[in-house]
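Shared between the two complexes below is subunit A, which has subunit B as its partner in the first and subunit C in the second.
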Partner chain A sequence: MTTQTPETRNPAPAEGSAPRRAIPDRLGTPFARILRRWEVLLFGVAVAIFIANALASPYFLNIWNLSDATFNFTEKALIAFAMALLVISGEIDLSVAAIIALASTAMGAAAQAGIGTAGLVAIGLGVGLGCGLVNGFLVSVMRLPSIVVTIGTMSLYRGISYIVLGDQAYGGYPESFAFFGQGYVLGPISFEFALFAVAAILFSVLLHATNFGRQVFVIGNNDFAARFSGIPVERVKFILFLLTGLMSGIAAICLTSRLGSTRPSIAQGWELEVVTMVVLGGVSILGGAGTIGGVVIAAFVMGLVTFGLGLLNVPGIVMSIFIGLLLIVTIALPIIAGRIKAMGKS
Partner chain B sequence: MARFLKRRETLLFLIIAAMVAAFSTRAAGFASPDNLGRIFNDTAILIILALAQMMVILTKAIDLSVAANLALTGMAIAMINAAFPAVPLPFLILAAIALGAALGAVNGFLVWRLEIPPIVVTLGTLTIYRGMAFVLSGGAWVNAHQMTPTFLDVPRAVVLGLPVLSWCAIAVVVFIAALLRYSPFGRAAYAAGGNPVAAVYAGIDVGRTRYRAFVLSGALAGLSSYLWVSRYAVAYVDIANGFELDSVAACVIGGVAIAGGVGTVIGTVLGALFLGVIKNALPVIGISPFTQMAISGSVIILAVLFNARRERARGRIILRDRAAAPRAQEVSA
Partner chain C sequence: MLFEMGGKTMKLKTALAAGVALAVALMAGAASAADMKIGLVVKSLGNGFFEAANKGAQEAAKELGGVEIIYTGPTTTTAEGQIEVINALIAQGVNAIAISANDPDAVVPALKKAAQRGIKVISWDSGVAPAGRILQLNPSSNELIGKMCLQLAADHLEGGKGDFAILSATTTSTNQNIWIGEMKKQLKDFPGLKLVTTVYGDDLSDKSYREAQGLLTAHPDVKVIVAPTTVGVLAASQAVKDAGKIGQVYVTGLGLPSEMAGAIKSGATKEFAIWNPIDLGYTATQISYHLVKGDTDGKPGSEIEAGRMGKIKVGANGEAAMGDPFVYNAGNIDQFSKVF
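On to the complex of A and B.
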């Protein structure tokens, strides 16, 4: 993040007010304690939206409907987990949606050439990793600011999709490929939702219970100090970009399989929704703080909001107003609240 | 002389000249004054928006909402023009600039008063503004036959050999150049971006400077909205979609440092012209217009690489590490 300045690094003013995004000072704290502040508030919001939805539409409280609703966020959330780590480390990746487009295009081209499901999955993962590798190389080896680099690679990756596809579309994926986006593992639990749950657990462990996760926090709080503490800052960031690319590849497989076709405009604007999900989940956009649990709840909140508005026949572009407002208001409110608290004390 | 040759702007100018020469071997007449004038006219809006973006980036911020601002403002004035043809054009243009400035002020306020990072604010307002354009129009288009002839004709009118659209861009270039060089705000913008901490000690209100840059950027987006809608004779929700990236690209190519404090008007104009020449050349030399996006992306990455190399040569890496020091104090506080 290069646009931030030293004096804006710490938006929560006055040491008296409780910091919104506290860094846990012990690992393995009980679940309840990790979810004490922001996450609990967010959970309350999720419950409120759930109840409001149930009251607003008679079709909402149907187990298959709810299962359908999860598709609104599972793919984005898969990327959001990796993005959360990246943002905590003080970087950002705006090219994730473009990676989906490129990976999906590559899989489409391969499907046309008659490659089977296993090959398609390998290609999706490979393209995702490759794109992450390019981002990681430019940021951690060439030491370029990640905002501009990923704005650049965002045009580049999606641009390649446009060169390959133009105004055409790929279809004709093998039948077994449909499982990833349309299959169900158990009853109404879709493969995507199961993947989401597994990824949530894996990323929680990675961020909150490993050395690597600890290093991510340290880098985000003070990469200068991190260097002095012997943390391989650039290597950690490189791995995080690889991870984000990989998760984008996985999301590309799910989305392509669910839609059954590929256009170069696929997943347009998702980078914004993923970043919104991460920030809504209580991850500090300035780096150094955040939890996977928060991102999980944020995913549910965003999924419920868009699904509920969809049931009320609100057009997609109007929903995006809500997403944009959600992003700004969730960041602004705690800052305003902190100010009021500080004013009350003085 | 050697220093003049080493300057970014000179180099960029030579590259553009070489590109034009190369393209004219493939398509006769590409380098004719007429065609060059047409390319400039075609790039005029990008030049204005790139300068708007440069003002914001100079203060160490970024405005990703310029294109959405253009879409919303453009839709608003096109609808006023369609519904009330009697409203005189100068009033419409002033309304566009005022509305654009107000939208910019929202960004600036959130960045200044609430200290939310500019990228988050403008990512949010980007979707909000474009969504509001949809709400305002209900998804409908305003087409050429609904607009008044004056509304459509003014940017096309030729004055002293150039269309008014080109003159608008030239006027903005002169205005911004004068503003940056001679006004306290212009100097404060460089100071606020170059070293915010030092700027505060020098008595510069960094937040207010940033706020003003956003207002100016919004006002220019408002002006561009009229030029855009009138030039393409249509207003719909998706106009100028993704144009914010082109404006950032023009800045980066023109040597504006994304970390703030470094950049020139000439560089940014040349950066915009660089993209304009490529855009106009692609169909001429028979390359699909679909390649343009990938080319912009690659050029952005190459330009940042190039910028970074120069900064490193100047020993900026030491400064960057030192800039990390105040952060350490804040964390412990």
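On to the complex of A and C.
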């Protein structure tokens, strides 16, 4: 994160973050522009879901139940923050769930060997970083497309877990290790939720208030121009893969602690849920646009929908359909809006 | 900052609470129709076996009265999905959870939380580690399975007298070896039966088929082949049919109704056994009910009333056996072959 110092001689990125096409300087009142923002729309959806849930189930408005509900999304959201940056820069990492599996397996093996909580955390973070390093190396140094690389490492990392564990499970984690996934910081605020809040703030600052964050936007908008502007494109991407690996390692610690055991099928299918969260949060899958705030709201929307429908005992498949529809609407709305606008002009 | 986040949720809560209070009161009034809510958590929804278990649970609920069954489970067979379901059940304040677990260990912390909030937790079918449940309901016990296999062999022989052979899985299959051991131990209770030999088909269709063929030629006196494995019983039925020995040699053992329907129709087997998911759901519901009522603590050694299934005895390690495996024949095969 200290890498921006050599680039301070180049102030271009600050201005370059606007999209290449139409640069509307003043259109409508600031208030109208705020209303049209995806995050505001999504926030409206979140509030609507919250109210609907509260009306539909008498059990929803209970602070402990709501606290339980946050566990449905906190771990995924931790990864989604890093993933958002990666997607904004025009890359993707589909190996995140497999990194959880590998990190969890490594922690399980270490716990069997009698290593304490601090050691386990270090191993979880280390494996996460290591996996991110491999992804970053293949993408940034070997210049391979990230979608291909991470589909490969997805099989590789989880494959190692399956070889190590087979149909067995690791258990016997130390008592104090349970804090990360089952502990509470203050009242009904769980450690995981606190971590989620802190990570949201840190990633917001990183993306929206630092030179590094602006470089991420520039790379996503125009990789070529970014290179000509003297932005170390490959280095930025490498750091983003490291960061995604690290966040996956943190999620692995939380999830392993919450489950109290490790199987190679842990976190199966989470990579798509993380990407869904990112895209639902208004991050452009083509890169170059998005906010952390949007991802935070998307995390709440997904968590509230899952929990609310669960309270009503609606089968899980209906939740999948709902999220799927929401996702299609997310992608379709801006495109359709753009077309209507274009039609109005001609 | 995190406190601020927490505060925000609270403020939102207070703001909404006023407008929502009336609706909540109405809902709460409507929800209190059933006195007891039992969550039947399955490995995944859309599985015939579990749909059948739900049928049994509904039957028990009707019989007991005032019981609402919440039949639920994740879309895919993951432990994480089951934990979300368990959390939702805890939030609804169910009285009991009866779960067939996707992972015996990973659901334990969530189930422990349920127990702390006064929910009675049992596992059935696919068990949970002892720390996470009061008891585990097994469909049957090794002793009963061994006895059932002998009973089936005797039923196929005139006067219960004659030679039979066993077609097993591999020589190292734990379950099959235990069951064969039980059969040998209880053979004294069936004086007419004579075990000629045991062969091993390794749970492979083609090898099991060849071993059954070998039995038919090498031991012409064998009138019944008992296969305590679903692969073996199916392959042996086919071998008997192909050898044209239907009516002279019978096949029986443990099989799946959907696979064995053909063998029943052809007459290669008259009856076979396996657990009945309907009874399993029924018994799990009965046990949950009596645990909530406080009629029993479910500790090892206790006996729990389970309606038409009789008394269920809780054994060592908190494991309970439901009863004899269920016998399938021409009379009920059509009904169950659609289920599993």
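We take it that the second predicted complex is superposed on the first by the 298 of 346 C-alpha atoms of A that agree within 3 Å, B and C clash if a C-alpha of one lies under 4 Å from a C-alpha of the other, contacts with A are read in each partner's own complex, and residues count from 1 in each chain.
Criterion: contacts are C-beta pairs under 8 Å (C-beta built on N, C-alpha and C of every residue); 3 or more make two chains touch, one makes a residue touch a chain.
Please read these numbers as outputs of a predicted model, since none were measured by experiment.
S.K.: Check whether A:Ser265 is in contact with subunit B, with subunit C, with both or with neither, and answer first, second, both or neither.
M.R.: Second partner only, subunit C.
S.K.: In the overlay, answer first, second, both or neither for which of subunit B and subunit C A:Leu133 touches.
M.R.: neither
S.K.: May I ask you to decide whether A:Phe307 touches subunit B, subunit C, both, or neither, giving the answer as first, second, both or neither?
M.R.: After superposing on A, A:Phe307 lies in contact with subunit C but is clear of subunit B.
S.K.: Counting only touches as set out at the top, which of subunit B and subunit C does A:Met142 meet: first, second, both, neither?
M.R.: After superposing on A, A:Met142 lies in contact with subunit B but is clear of subunit C.
S.K.: Looking at A:Pro315, would you say it contacts subunit B, subunit C, both, or neither? Reply first, second, both or neither.
M.R.: In the superposed model, A:Pro315 contacts both subunit B and subunit C.
S.K.: Between subunit B and subunit C, whom does A:Ala342 touch in the aligned arrangement: first, second, both, or neither?
M.R.: In the superposed model, A:Ala342 contacts neither subunit B nor subunit C.
S.K.: Is A:Ala122 touching the first partner subunit B, the second partner subunit C, both, or neither of them?
M.R.: Touch partners of A:Ala122: none, neither subunit B nor subunit C.
S.K.: Need the overlap of the two footprints on subunit A, from subunit B and from subunit C, as residue ranges.
M.R.: Common interface on subunit A, subunit B vs subunit C: 269, 315, 317, 320.
S.K.: Which of the residues in subunit A end up touching subunit C in this complex?
M.R.: It is residues 50-51, 54-63, 65-66, 68-69, 71-72, 169, 171, 178, 181-182, 185-189, 193-194, 197-198, 201, 255, 258-261, 263, 265-269, 306-307, 310-311, 313, 315-317, 320 of subunit A that touch subunit C.
S.K.: Under the stated contact criterion, what part of subunit C meets subunit A in this complex?
M.R.: Going by the criterion above, the answer is residues 1-3, 5-6, 9-10, 12-13, 16-17, 20, 23-24, 27-28, 31, 45-46, 70, 72-76, 78-81, 83-85, 87-88, 90-93, 103-106, 108-109.
S.K.: In their complex, what parts of subunit B are in touch with subunit A?
M.R.: 60-62, 110, 114-121, 123-128, 130-132, 134-135, 139, 196-197, 200, 206, 237, 245, 248-249, 252, 258-260, 288, 290-298, 300-301, 304-305, 308, 317, 321, 323-328, 330-331, 333
S.K.: Help me check something: in the complex, which residues belonging to subunit A touch subunit B?
M.R.: 1-11, 15, 92, 138, 142-145, 147-149, 151-160, 162-163, 166, 221-225, 269, 272, 275-276, 279, 285-286, 288, 315, 317-318, 320-321, 323-325, 327-328, 331-332, 335-336
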